[in-house]
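Shared chain: chain A. Partners: chain B in the first complex, chain C in the second.
And then the complex of A and B:
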């Protein structure tokens, strides 16, 4: 691209980047402040708040629990979402639009409402299986992300390539692994990342369904904020931000797929 | 290239398979897309399915490929029915309109795909894939990605990929549609040589009559799901049996007429305004059939002046306009009934006498060039 970019466009992009990135930088800076309370700009430099958080068994337990939950939810969302997306895009089914609307509806209904509804449902059923309830609740909100990004990649699959492969002697399972999979892989990975992060960051669903033994990081963070106001809150926030960043970088390195390209 | 083709076709026993369609029909709901088609492509022959869009030619090809199942009828390849045999077990090659190259594989990997599916060893696969690429004059492009190639080069990769495992039948679905005219003509000649030297049975779908004439030994003209005429390419051009075929392949002047008799191998016909026609081209039509006389513009000789009364195979009238087309000059003559009659003169013939608009000229043609076709 050799076209000159208008200075106005540059300015607008700059402002947008600032609005998006600045709030993420603030907790990072606050977390290294050598003060007994949160202050911005930070005073001094220390990593003791990170040490404190990481040494805290409650914080560690919440973090590990959130990881476990997000991993299970992502696995289930992919297992349900990939066939669903494939079916909705590759075949004409009666009531197709209604099915898609239903699946995507958790994106539209406020999460807090979905959470209350699930809580009522589970209590009606007399369920006490908190872990299973959290998995179901998170899957309900993660599945739309998986289906959306996987559908988008299935729509772009060139059916001629499948025909060509079959004619050259590829049986259906080989067509699936060697022709369809390379085309939908970016969409599936994007869906997996979204699902993992949505589950890992979720507060409004977990708020209704969690209990003391199943306590995700966002809830833990909230209780800490209620109790105290030292920079360890910023340290927890920073860890969550860095973790998400790390996840994206690892995916880029391992799979050679840039999120920027997926989004385009 | 022929020498390479010879080394490529190491198996001297190799022959393309005979493909036979018997009473093939395909319905989609109430819509009959292919209707009771009988068709044979002999071993090593190039057959073109020619027709306008929606005539069922692509569906027919896809049924041979196994991508669409026939509603009824039978398809045999070398005498063995393939109805119900999955696509990947039919041992066919196919060229697609958009080439359908795998974008995530290199040129060599694309070409090697069919061999890998046949369990050919790695060493032999890469040797044969390279050979196929040399055959299609793409030897230096092995490691490129398809997106980095021009349309003509992609077409060649697709060709190499389709023939590398030596399928018994090659199917082509409008393979040159995306290429410009000059490149298309080159590729057509190249493909024809390749198919002939490899002895492949080739079935081609096209809406381009010129492409069918250049490539095919046999042409089957399709219309509304049926075969309108199937015959050697030249016969379809020189002896169309229906107005549709005469109109679709080449251009023709159509003049309504009724068969009035037969004399010395000539079919005699009477047209409007007392016009007389005599045709030496065999036909199986009778006085009861609705027929047309069809005259190709290039069969016509022009001379100045009006036609004497009672002369057969001639028409005269004032010149309406002339259009210069390079090798040809097209001349439109107004007929008494208001219609137009077009003649094409080789440009050399116009040096001496050049028809001018307004002048009365006469068009004459031989009885060997007087086509009698079914149709209104």
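And then the complex of A and C:
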């Protein structure tokens, strides 16, 4: 039997969605304004701001660097986070709560403090490897997100299914890939998405650790806003919104997992 | 008689260039392969430094300059965090931070003998040898061109401006200029004396609250909002954030009330014990050379701190230059050592007044 949804509920959800989406439409409209400065509503129509942004090597370089950084950080966070989450949820370890608290502490300490502390540490170590510093810094703040979401999945794994598979003669690697993996996959994917987004959007850690050769998108956006508040900023914002939409579509179509399922 | 053909002339030219190039490179050969990291500002100034000044310098010195865009407080924070093992060699900061950096041992005195371009620096922009100004902006009111600005700051406290003003956030340096204005209006004294009486002027500061629509911490964004008519007047901001829009045709410009204006001095400092100090000093010297200063000023609409630069009348509309013009406009530079010692307390009071 299918439950009917109240028209009132539909209306309320519609209004909420409108409130959420409306601010995203504003930069899209401002980005097509044919003026040397940002105006709303837009005046005239032009796509030249998109052309300028896409042709700008600084913008392209920052965007590609952020993608590379976020992808590497996500891979490392998953490599460290999945075994860590499995260990913390499936076994009793001495000092388990302390370990968990330590791992999650970057979520509690203000990121700007974490950033300056990391810069001090790297300086004392004599490190000049900016890219490595950024990877470490971003991994520190992304790892808690991976561990939280993957841990939640491991907690919900039905141990009876594992026992049943083992009793039926399935070796451990088959139990892991055919029984456990399908149950934890959504949590891992959610952790990967969070990790990627947190790294891609990070400003406070990058502000301390980046340099002119390693300049992520959020820092670039800040400098562009200071340079000139023209519609090219709205064009960059619009491209980032479109990129996020594309990411959602890829996740849904390629991985076959809806965001609604991840959120549930 | 030898006839010089086009081919002969070409060969001679190539030969001369070939002979001259090694001279240029040998003069700077000590810098070949060296690298320094510098912290610069964002904004149009940062853009010009990255795209024009650095590539030419790297070519002339066969070196590498890694520039990181930031702002004064962050740049000081980076110097503090890396004090024991400096990562940066040159930092661009505002004059407000120079006394702090000097006191904390973050910066070194400039080696005058290695910086011939210092000869043209106006003495007031030398900071006793602990840095040099690179660009001078004028801080004043910015307003929509359809609005007639008042000729005195005092008028901004009047009821006709209720809800029509944008005020600079206490986070930003020009908020100190606003406090000095409030103190000057309350005491009737000039800025030079009023700056020491800010503590007693917060009731005057509070009186303007009804006229303030909101606080801003991003100058270009605030200028853009005033251009769109979202507010009539903004106070106070540096000309380098407003005039680029004026020059583009946006309906926003600046005005300078009769009480006087403020100098916003963007400076460079030499990081103490930073890597490759010789290259750092050469870069700082390059920043002060006349050709660089002229192009830099014309791009960012700021006045150079050195004498002898010629500008067109069109450019001079936006600059307070030369030094006689700065004096004529009453450009005032606060006593930053006194200001810095009190600023955090004043910021708290400002936050208390303007908190929603």
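Convention: the second predicted complex is superposed on the first by the 243 of 264 C-alpha atoms of A that agree within 3 Å, B and C clash if a C-alpha of one lies under 4 Å from a C-alpha of the other, contacts with A are read in each partner's own complex, and residues count from 1 in each chain.
Here is the rule we go by: a residue touches a chain if its C-beta (ideal position, glycine included) is under 8 Å from a C-beta of that chain, and two chains touch if they have at least 3 such contacts.
Worth saying up front: this structure is predicted, and the values here are computed from it rather than measured.
By the touch criterion stated above, A:39 is placed in contact with chain C alone, chain B being left untouched.
Set against each other, chain B and chain C differ in how many residues of chain A they touch, and the higher count belongs to C.
When both complexes are overlaid on chain A, the residue A:225 reaches chain C alone and has no touch with chain B. In the superposition on chain A, contact is made by A:207 with chain C only, not with chain B. By the touch criterion defined above, A:128 lies against chain C but remains apart from chain B after alignment on the C-alpha atoms of chain A. By the touch criterion defined above, A:171 reaches chain B but does not reach chain C. Residues 158, 160-161, 163-172, 174, 179, 182-183 of chain A are the ones that touch chain B when the two sit in their complex. Interface residues of chain A facing chain C in the complex, by the touch rule stated above, are 36-40, 116, 119-120, 123-124, 126, 128, 207-208, 210-213, 215, 219, 222-223, 225-230. Residues of chain C that touch chain A in their complex: 37, 41-44, 46-47, 50, 66-70, 74, 77-78, 81-82, 84-87, 218, 220-221, 223-224, 227-228, 244-245, 248-250.
On chain B, the positions that touch chain A within their shared complex are 65-67, 86-94, 96, 98, 100, 102, 104, 113-114, 117-118, 161-162, 165, 171.
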